Structure formats: structure tokens, C-alpha cells
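After this come two complexes, each holding chain A, first together with chain B and then together with chain C.
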Partner chain A sequence: MKQPRPTELWAWWLAVAWLALVVLVALCADFLPLSYPAATPDLYAITQPPFAGPHWLGTDPLGRDVLAGLIFGARTACLVSAPAGLAAAVIGTILGSAAGYWGNQRLKLPAGLAFLLVGLLLFWGCFTGPGPWFLSWLVVVGLALVAAARLMRLSERVAPQPLPLDTIVLSLLALLTSVPQLVLALAIAAVWPPSLSTLVAVLTFTYWPVTAQLVRADMRRIRQLPYMEAARAIGLPTWQIMGRHAFPLLWKTIRVTLPLSLATLIGLETTVSFLGVGLPLETASWGRTLATARLDFTAWWLIVFPACAILLTTLALRQLPFYPFGKSS
Partner chain B sequence: MKQRLFGFLVVVGSALGACSSHQQDSAPAIRIRWERDPENLNPLILPNENSLEAANLLYSSLLAVDPGKQQFVPSLAEALPTVEQTDSLTLLTYRIRAAAVWDNGRPVLARDVAFTLKVMNCPGLPIETNQAQWGFIRDIRLDPADPRRFTLVCAGRSPEYRWSSGDYIILPEYPLDPQGQLRPFSLAALRADTAGNQRNPAISAFVGRYTQAQLDHHPERLPGSGPYTLEAWAPGQYVTFKRKPKWWADTLHSDLLPLQARPLTLDYQIIPDEATAVLALRRGDVDVYPMMPAKEFQRLRRDSGNKSSLQFHTTESYKMITACFNTRYAALQDRLTRQALSHLFDIPALIQATQLGMAYPSVGLINPTAGHLYNDSLALPTYDLVKATALLKKAGWQRKPTGGWARRGVDGTTQQLTLTLSYRTGDPAFETIALQLRAAAGRLGIVIRPQPLEASLFWEKLRSGSVQMYLFTVTGNPFVYNFAPILHSKSIGAGNFTGFGTPTSDRLIEAIAAEEQEGHQAELLRRFQRLMHEEKPLTVLFFLRSRLAASSRLTTLQVTSLRPGYTATAIQTKAVK
Partner chain C sequence: MRRFLFPRLARTLPAAWGILSVIFLLSRALSSAPEGLTNIQGASIGGHAATPDQIRAAERLLRKRRGLDLPLFYITPAATATKQALAWRWHWHGTHNQYHTWLYSLLHGDLGRSFRDEQSVSMVVLRALASTLPLTCSAFVGIVIVSYWLTLLLARHRWLRPAVLAGLTVLHALPLFVVAFFLLLLLANPDVLALFPAYGLNRPESDTSWGEQLISSAYYLVLPLLSLVLVSLPSLVVQVDSALQHELKANYSLTARAKGLPERLVIRRHALRNALLPAISYVADLLPALVAGAIVVELIFAMPGMGRLLAEAAASRDFPVLLGAISVIVLARLLAQIVADWLQVWANPRIEAQA
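After this line comes the complex of A and B, so read on.
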């Protein structure tokens, strides 16, 4: 093992310390002795500068305490970015590893199931695409009847059909990545009513392709390794091959990307909040605090404090994957 | 060499182009900041103040308010109407000026007024707002001897008929009904049986033509007799009006402001964001900034560096911010609950926080500066959580051990006191009010969720009645006390978004509009304020003081308490020394 350099060590520990502080503050926000709750305006202290009076870090043009906003904003950042990052990682890992492992030819479905899937797709297509409803119904019912009548005999005669899983996942990825994340997030958040869960869902939906692309590429590499071929040759079940033999290698990729994902998602959440979409008015957010600076350009504290919080957290999360003790010589 | 020659030609060409465009624009446009798009310029709809201002540039009315004199003066009409009263009717006779002509040179005639009134009552068109406001005009009698003279037959009596009977824009008949297909129909016939009339082919054909003209976004298809034409409209960006080279009122050389139009170009810049608008004013990209945010207004006014480049004006206004209750919503159907919720607004603190003191509270819809019309015997709304709690209990609400309030409704179902407060997004004042109300309600265990909505969505929700509580700006005037469009039960769904209306309140509103004697009308108005104070379909939070900042190169802004707070057509630029 190579000894880590002191600067690396310091940087890593600083990052951990800052993130621990953010998490601690987020957890204890309700119990901290704050003079004003985050969403309660002090109407007699509008745009008050910091270090004067009861508002240590000042107030925004709506009279909200900036310190309380930062503390509860930390909670929002944790509550939004962590679940969204984890959910995006789980979805991306499942779809990416499945696409990488099975490709287009290796996952074969019994003919009956394949027909059922095609039927379901047609059903979905009929109802989402243009055209009269009754025709859609006729097509669907007809297909269902034909499928039901022949399912058994077809299953016996027709060979199992390959599912083009890789193409499906790649198409989805192409579809989602063709639109910039921020635009996609804004479009979805503008349609749905603002709430914390909505924002988590929106961010998950827009971010899972990043993990999926990396995991898919990694899985395609791992699948070719000799020990994986050996595992298949001795007839190990697929779940065991993927879970016990592929996942430990995939985990390295996921472990590195997860903190980076969190950093990106915090940035995305603050951007969406800055633009006033996604979170309810009463939910504190660093981005929202930053946005209030637009109402008064002279209020430097509305830019400096939330920007520092965002910057430090993002940098800390980006530093986290560079774990200095785990490097091999 | 070729490149050098090309570069030289480009530079010379640009310079010549710049010179020629400068010559064209020798009188620079007056650029005014609008907070929002007019959205719809259909003369029958005009959904907001900006669309109203735009319509007044494109069209003329019989009478118009002279901001300088603060009174109605004749515009298309030759003089104020002569009034004759019978037992149950008021007859107002007008004569249109001989000089008044449409853009094609045809004279504006009495039959154009008749056409306008028929359009305002035509079934199949969006006429609800107009009917609520001018429904008292029952008929029009054209003078067979004089095509410019006509008499309006109005139901009942009211001194305000003298003004309000001429305060709507007059539409030309020739572009929309060249064959005069509406002429055979009387106003009464149009109003009587809408279902029957809709089946009439002539009316259906007219409605079809009117709808197909798409006046919402193409007002140029209905040329008016106003001083300006619409030159360009980029929704959400700008609206530009160009002065007609020859406007009929030019020949009058009148000193009345409605008959003057000085700027050659009026350029309304739509800048929703306040900070951007302030920046635009300071950079000289905007000349007039009406209703500037209080903080910026004070800051710029105090800054001595702006004294040479900007001028500042403040005045009273009839613009008020109100908190309204949708009385059709089960939890808000009783007045005690509405009264209780009204005690949750900390109005003095809100005035200080959102307007820096440049506003004043009121007991109701009448401006406190209105003298004896204002009912000063009523108490101003107070921030009182104890009183609010007592009123809630009196209304049958009980605080649940788990938090929140509930009561059993008339139909036996359990009602929860959980409300949403809707408002148009983008106004920091609304956000501050919403947060203050939420915090105050939270102290009592009432959940109030602020719901900022995009302007068009907010209007859609108001019209469909799917809001619970909402913040709304109401603009009044000192001339006409007609509350029917916003509080009469007949206007529910059109302009009465609170859904409020009782037989008593309806009768009172009608009586105020019909009352002739000033003293008695004042008494009725005071009674009306008391009724609204008790029923609380809305709470007036405060009347705003108008704040206007403008470039110092402008003169004759005619800053007034009437909306929009200035007179765009009167503005002139100082001569360059």
C-alpha cells in the first residue's frame, strides 16, 4: 500500500468533516435554538444585513432568516439529493447491468410471454398514440383473443424469442439524454404540483441514465472475463452470476459515481429551486435563498452564504471518491 | 485587398444605415415597463389592466376620464349626455362629434354605438363582464333626423349613468358586419332569449365572423377610432403602438387630455422580473416604470446620482391588495370562519415589510381618502390570534388533539380546516403575505399552503372557482361605485370569483348604483361597507400608494391616482439643448 500524501489526506478528511456537519445540521435542524423558523418572515427585519441584530446571517427580502434557511436548506438538500441519487443508482444499476449482461440476444423469453409483451406494448401504443378509441379497442381485443387461443400451441412450436433488452435500454437512454437534464427537470417539475417527493421523482427520472450508461459499459467488460465464462459453463444460475460475481466489480463504479451523482443532484436541485420550480414556497432551499438575491442586488449575504454552502458541499462530495487509504501501490 | 474593400463597404453601409434609421426615429419611442403581457386584446374580454390600457390606445369611447381634471369629459361624444328621467327609466342623449371618423374616413355614427351595444349583448360571445357592467343599458334609440344623435334607455335611475353609459369602447360596424345583419335585432331581443337567438342564422353568422377574426391577438382586424395602431406584439416581450399620422381628434386642437396623443411611438416592454426592470430603467432601456417596488423606489430616490437622470412621483391610488375567500368552498361558507381567518393578517407589519409604509389600511373597498363615503366607524382589521381562535370555535371548529381543526358539516361530513392560498407568482409582496399568513395560521394549528400560480393558470383557476383563498389586486376609481361585477351574485363565474352574493347584498349593490342623491348614496355605501365587514367575502389588506419612476427627459407624465398611474398619450420629451 502506498502512503497517502498529507494534502490528499487533509482534503479527504475535510470533505468528510463538512459532509458530516451538513448531515448533522440536517438531522438536528428542528432542535437547534434558532430565533426564527425558516419559513416564518420577520416583517420588521426585511433584507437585514448579517451580524446585526437577532438574525446572525441576515434576512432576505421576504424577511426570512438566512441562517435558518441554510440549516433547513441542508435538510432539503439531503432529503432530495440522497434519495434521488440512491434511486437513480438503483434504477441505473438494474437496467444498465441487465442491458450489458444480456445484450440483445441472450435474454430469451418463452413465445407466450413474448407475445404477451408485444400485446401489452400494442395496448399501450394504441392508447397513447393518435387514432379513434374504438379502433384501438378492436385491435387490442382481437390481438388478445388471437394470443389467448394460440398461446399454448405457439409456445410448444415456436422457439423462445430473444428480447432486445440492450436496444430498449439504449433507446431509453438516447431519449432521455437527448434533452438537457435541467430542461427535462424543469419541464416535468412545471407540470407536476410542487412538493419534495415530486422533486425527488423528477431528479431520479432525469439522472438514472448517467449511472445506467456507466454500469452497462462496465458490465459488458465484466461479462467477457474468463471467470464469468467459467461460471456460466458450470451452469450457475444467472442471479448468482450477477449478484455474487459481477456486482462486486460493478460496485467500484457505483461507489465512485454515487457521491458525484449527489453533487450533481444538489446542483440540479438548487438550480431548479433558484428558478422557482419544484419545491413549495415554504420549503427552505439553498437555491431559493440564492434566488432571493435577485430582489435586492445589494444584499451580498444572500449570495455569499448559500453559494458557499453549495460550493463546499459539491466539492466535498467530489473529493469523497478519492479515498486515500484504498489506493493500491 | 478585396477583403479590405469589403470591410470598408460594410463600415460605410452600416454608418449610412445607422444614419437613416436615426432619421426615421427622430422622435424616440416612449418605453414603458409592463409587468405582464396584455394576453388578450379582444375588446369584449380585456382581462387585465394592461389590455385595458392598450384598448384605450386603439379605440375611443364616448366619454373618457381626463386625468388632469379627474373627471369624465367627452371624447367621441360632442358633450356630456343630456339626462331625462321617467318613472322607471333614464334617457341619456348623446351626439357624436362631426370630426370623429374611422380610419377609412367614414364617420363614426350612432349606428356604430348601437352595433357596439349589440356586440356587448350578443349571445355566443364572451359578454358576461360587459353585461355585468353595462347591463343597465336596455335600449338605444337612433335619431332618424341626425345619424350622429342617439338616446340610451337605461333601467332605473342613477347619477352614475351619466358617466358609465359612455365609458366603453366603440367598435366599428363596417369591418365585422358590413351587411348590417345585426341591425334588425333590438338589444332587448338579443338579451331576452340567448338560446333562441343562437339559432338565428344571422347572429350565428356574426358570431362566427367575430370569432374567426381572432381579435384576441389580432386587434388590427378591427380598426378603432383611437389615436394608435398596433405595430408589433411579441407576447411576453413587447407591444408597440404607432401614432396614426392623421387622427380625427387632431383637428379639434382640444386641451382635453383624452383628445391628445403626443408620442409617435409607445413601446411597452414586458419585463416580469422587478430587478431586471429596475436595471432596464437605470440603463435607460425603459423610460417609465409605474408601481415600482417600494424598496427600489426609495433606494433610487435617495441616491443623489439618480437625480439628474430620473424623476420620482408618488400619489394616492385606487389599487388595493385583497385576500379573498371562495365562499363556495365548504370550509369557507360561513362568515365566522372568514372573519377568523381575516384576523390572521398582520396588516401594519405587512405594509411596512412589503411597501415600506407606502400603503394604508382600509375597512373595505372604499378608499379611506374618499371622505364621508368611507365608513370610519368600522374597526380596521387587526392581527389577533385570540379573537381568531374564539371565532373559529364559534363557527363550530374544534381543535383536534393531533393538531388541525375539524367540524361536522351540514351534510354530516367532517370538514378539515386546511386551505390553499393561491396567488399570481412573481410578486414578492404576495409571497410575503402568504408566508406571514401561513406562519400565523400555523400557530393556531391551521394548515395553509401557499400556491403560487402562473398568471394564466391563476386566472383559469379563478374562473373555474377551484381556488380556496386567493390574493388579488383590485383597482377602483372615484367616479363609479358599481360593485356588481365583483360581488353581485349574477357575476359569479364572470368577475365575482368569491362566489359571494346574498339577496341583501345584491339589493344593496343595485341600490348604490341606482341612487341619485349623493348623501343617500354615501349612506348606502357605508351600509355596504358594514355588510362586507361582517360577511367578509374578502379582506382589503391595504391600498397602495402609486410609485412611479421615469426618465428625466420626459415631461407631462400626468401622474394620477387613476390607473395606470400616468397618461401615456400625454408624455412628451424635453427638447435637447
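After this line comes the complex of A and C, so read on.
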């Protein structure tokens, strides 16, 4: 184990301290003794410069306190980026590792299952389709009887069909990456009415391909390793191979990408709120505070403070994977 | 050529069709109330408030004109009352539906009409493209030139590396709109340095000469260009730089140095050519990314263009314009990917031998 350099240690602990501060502020934003409440315009102090009470970081052109806006913006940033990043990581890991592990040929579905699915679909289709329902009911019962009789023999004769899992996931990825992330997020956020949970869903939807691509490539590499072959050879069940033997190696990749994706998501969230899409108007956000600077470019405090918050958080998140001690480095 | 082009088209065209269809179906299915009706409801011209019947008739007319009275897809579920309860049933509508009409006119190059002002979307998009393309193309050229120059500089003068790389890291951590704001704050602020105009485009005057017009419009483009270049620079420079450092440690670079070549030539003739290979696919992604970046830049600097069109269409739920703009971006991405693939095969023939 190599000895960590003091600058690495310092940088890492600084990053952790800043992130802890952001999370702490976001958690107890409601109980902090603010000198002025959030989201209430002070019409006597419009565009007031900072470092004078009660508005210690100044006010925007609508008379809202910048400090309170930043604190509640930290809550929004945490509430949006953390669930979206985690959900994107989970979806990306599941789909990516499944595509990487089974590929196009290896996941074999028994033919009986396919027949059963088709039968269920037909059953449901006849039931909800146009036409007098009692007639379709009769047809369905007849079909089901025939299918049940056939199922026993067909499933013995027809070989299990491979499910082209890799192709399915890859085409999903191609679908989502054919438009730049910001454009896709903008288009989908425009369709739904703005709310916090919508924005989380939209960001998850646009961001999971990044994790999925990495995990898929990693899984394809891990699958070839000798110990995985040994695990298959002694006949371990698939869930045990995936969970207990492949996942610890995958976790190295995920652990590095998760903070980076959180940083990107905070950037996306602030950009989308800056554009005025996605979040309801009364929700505070660092991007919203910056957007008010468009009304008055000379108000430097409207740009510098939120920009510093975004910059420090992003830098801290990027520093996080460089864990200076322990077995990872 | 045929063996090269067709497989790639077969791979990328379905993805483009798929994402456009998804956005179309989502936007049509979820926007039940057509935009513009709120105006009718609120309007009372000359003291005459519209009666509910009149509002309903106006809504029906508006829906018919926009083609929203047709069913959405080939089969849609519809509620029908049975004896017991309301039940959902699938209905087959044939080709007389919104999706088919949209796809048919899209394939014929007709993007429909804007919900807001009934203008032809193709005209709106073309006009926006005409003012965006100078910005994005010059930003593209600027990024490529500056990163080439910066990478060479970093390779030659190693003492610059820590400072420049740290600066690039900080720059990479900032979203585009923050960088643009900082530029505005520093370079277009009467309190600090009022070098450049804060927003707008040059309005061409007929009596000035062509050269003067070009210079003055370039003067307005400096800040938007600078912010686009600054934001896209870090990732490209860091990537090429690390590849170059890797190549400079390779054996053939050692040989080149050993036979007495000056370091300048070792970098340019030998190492850089190999280091540029992985950058090709990144550069190809740059053009669509620049269009997306133009969304923010055009909004901040109040310029007309593709990005502003997208942002305003998204904010006002003008779905034909939104879809039209996205189709153009998807098309640009498709072309860029094919060109990048071709460039990669041209630069490194080993790829085709493997495939």
C-alpha cells in the first residue's frame, strides 16, 4: 500500500467537507437562522449589493435574498441530482450488466414461455378488442385449450430460443444518444408539467445510457476472466455469479462514475432551471438565481456566489473518486 | 462506398426515426388542451365575453385546423360503455391518424406549421439555421485550432502543464451558462471592461461596405464564440494531451529522438498523428453538442437562431417547431457520425481490415 501524498489527502478531505456542508445545509434549510426568509421579496431592497445586513449576500432585481436562495438551491440540487444519479446508476447497471453478461446468444428462454406470452397477449387483445365480447371470449377459451394441449409437446420439440438482449440494450442506447442530452431533457421536460419528480425522471431517463455503456463494456471484460469461468463450471446459480462474483469488480467502475455523473447532473439541472423549464417557478435553484442576473448584468453578486457554489460542488464531486488511502488506490 | 454507407445508415436511421417518434407521441399524447385556447377564453372583445358554446366551437375548429381531431396512432384504446361498466377497447384507425400524417409529411420534407403563429416550420428552422451556422461553424473551427495549438504548446513547454491543466479542470467544472455570465461580467461590464457589446446582433446598414459589415458583425460574435470555445476546449485538450504523452513514451518516438530529430518534429510528424486518432470521434460529437450549447448562448446573448428557437418552442409548448428543430439536430448528428466513421477508416485502414 502506497503512502498518500499530503496534497492528495488535503484535497480529498476538503472535498468531503464541502459536500458535507452542502448536504447539511440542504437538510436543515428550514431551521437555519436566516437573516431574511426565502422566496419573500423585500421591495425596499431591490438589487442590493452584498455585505450589508440583513441581506448578507445581496438581493436580486425582484428583491429576493441571495443567501436564502443559495441555501434552498442546495436543497434542490441535492433532491434532484442524488435520486436521478442513483436511479440512473441502478438502471444502467442492471441493463448494462445483463447485456454484457448474456450477450445475444446466452440467455435462452424456454419456448413454452414464449407461447404462454403470446397466448396471454391474444387473450387480452380479444378481451379489449373491438367486437362483441362474448364471441371473442369463446374464441379465447378455445384457443387457450388448443394452446394448452399443444404446449406440452411443442415445448419438448422446439429448442429454447436465445433472447437478443445485447441488441435490444444497444438499440435503446443508440435511440437515446442520437440527440444531445440537453436537447432531449429540454424536449421531454417541455411535455410534462413542471415538478421536482418530473425533472428527476427526465434526468434519469436521459442519463442512464452513460452508466450502461461503461458497465456493459466492463461486464464483457469480467465475463472472460478465469474465476468467472470457474464459477460457471462448478454450477453456481446465475444470480450468485452476478451478485457475489461479478458485482464487486463492477462496483469499482460504478463507484468512480457515480460522483462524476452527480457532477454532470448538477450542471444539467442548473442549466435546465436557467432555461426556465423543468422546475416550478417558485422552487429555488442555483440556476434560477443565476438567471435573474440576466435582468441586470452589473450585479456581480448574482453571478459570483451561485457560480462559486456550482464550481465548488462540481470540483468536490470530481475529487471524490481519488480516494487517497485504502485498497482502492 | 456502398459497403461503407449502407450498414451505417441501416444502423443509425432507425434510431433517429425511433427517438423522433417517441418525442412526437409523447408530446401529442400529453398535451390535451391545445395552446392558444386560453386566449379565446380570456378574450372579451368590446365587452362581449364568449359563451361556453362559442368556446367549444372555437376549440373544435382549432383542433381540426391543426389535425388534432384525428386519432393519435394506428390503434388507440378508447372508452366504450358496456352494460356493466366503462371498458377500454383497442380501435383500429387505419392510416387516417396523426402519426401517419406526420411521418408522411416528414418524409416529404414538410415539417408542418407552428402552433403559435401558423408559420411554416421549415421556413422558421431554415431562417434560424442561417443565423446559427456562422456561430457554430466558427466555434467548431476555433475549438479545433485552439486545442491543436494548446496541445502542441503543452508538449513543448512542460513547465506550463500543471497551471494550464488546473485551469482546464476548473473550466470543465462550470456549466456553459456560468462561463458566459463570467465573460459578460468581465468583458461587457461598464464597471470593469466594456470591450464588447453585451447582447444582440449587428443590424446590417445598407450604406456601409461589405468589409465593415463583416467586421462589425464579428465584433458582436466574439463573446458567444469565446464562451462556446472555452467550454468545449477542456475535454478535447485533456484527451489529446494524454494520448500524446502516451505516444511520446512509445518506442518509435524514442527511435525518432535517437536518430537525431529535433523534439518539434518528433511531436508533429510522429507522435501527434497517432494521438489524433481517438480525437476524431470526439470531434464528430462536437457539432451536435455545439447546437445544444447554442441554446444557452443564444438565450444569454439575445441572438436569433436554432438554440433560441428550441428553447422558446419548449417553453411555449410549440411542438411542431420543437420536433422540426430536433429533426435537424438528429440529421446533423447522423451526418457527423458517418463522416467520423469515414474519417477513421481513412486515417487508420486497420479498422476496416478488422471489420
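Operating definition for what follows: the second predicted complex is superposed on the first by the 282 of 329 C-alpha atoms of A that agree within 3 Å, B and C clash if a C-alpha of one lies under 4 Å from a C-alpha of the other, contacts with A are read in each partner's own complex, and residues count from 1 in each chain.
Operating definition for what follows: a contact is a pair of C-beta atoms (placed from the backbone, for glycine too) under 8 Å apart; a residue touches a chain by one contact, two chains touch by 3 or more.
A quick note: this is a predicted structure, and the numbers were derived from the prediction, not measured.
*Asks:* Taking the superposition as given, does A:Pro280 touch the first partner, chain B, the second, chain C, both, or neither?
*Replies:* first
*Asks:* For A:Leu62 in the superposed arrangement: first (chain B), second (chain C), both or neither?
*Replies:* In the superposed model, A:Leu62 contacts chain B only, not chain C.
*Asks:* Which partner does A:Trp239 reach: the first (chain B), the second (chain C), both, or neither?
*Replies:* After superposing on A, A:Trp239 lies clear of both chain B and chain C.
*Asks:* Quick check for you: in the superposed arrangement, does A:Ser171 touch first (chain B), second (chain C), both or neither?
*Replies:* second
*Asks:* Could you tell me if A:Leu43 is touching chain B, chain C, both of them or neither one (first, second, both, neither)?
*Replies:* first
*Asks:* Is chain A touched at more residues by chain B or by chain C?
*Replies:* On the superposition, C touches more of the residues of chain A.
*Asks:* So, does A:Phe31 touch the first partner chain B, the second partner chain C, both, or neither?
*Replies:* A:Phe31 sits against neither chain B nor chain C.
*Asks:* Return first, second, both or neither, reflecting whether A:Phe297 touches chain B, chain C, both chains, or no partner chain.
*Replies:* In the superposed model, A:Phe297 contacts both chain B and chain C.
*Asks:* Enumerate the residues of chain A that count as touching chain B in its complex and touching chain C in the other.
*Replies:* On chain A, the residues that contact chain B in one structure and chain C in the other are 276, 294, 297-298.
*Asks:* Under the definition above, what is the set of chain C residues touching chain A in their complex?
*Replies:* So the residues of chain C touching chain A come out as 11-12, 14-16, 18-19, 22-23, 26-27, 30-31, 77, 82, 87-92, 169-170, 173-178, 181-182, 184-185, 188-191, 198, 288-289, 291-293, 295-296, 299-300, 310-311, 313-315, 317, 322, 326, 329-330, 333-334.
*Asks:* Considering only the defined contacts, which chain A positions touch chain C in the complex?
*Replies:* 125, 128-130, 133, 171, 174-176, 178-184, 186-192, 263, 267, 270-271, 274-277, 287, 290, 293-294, 297-298, 300, 303-304, 307, 310-311, 314-315, 318
*Asks:* Hey, which residues of chain A end up touching chain B in the complex?
*Replies:* Chain A reaches chain B through residues 37, 39-41, 43-44, 46-47, 61-64, 276, 280-282, 294-298.
*Asks:* Across the complex, what residues on chain B touch chain A?
*Replies:* On the chain B side, the touching residues are 273-275, 293, 295, 299, 346, 349-350, 352-353, 425, 428, 431-432, 434-436, 438-439, 442, 449-450, 452.
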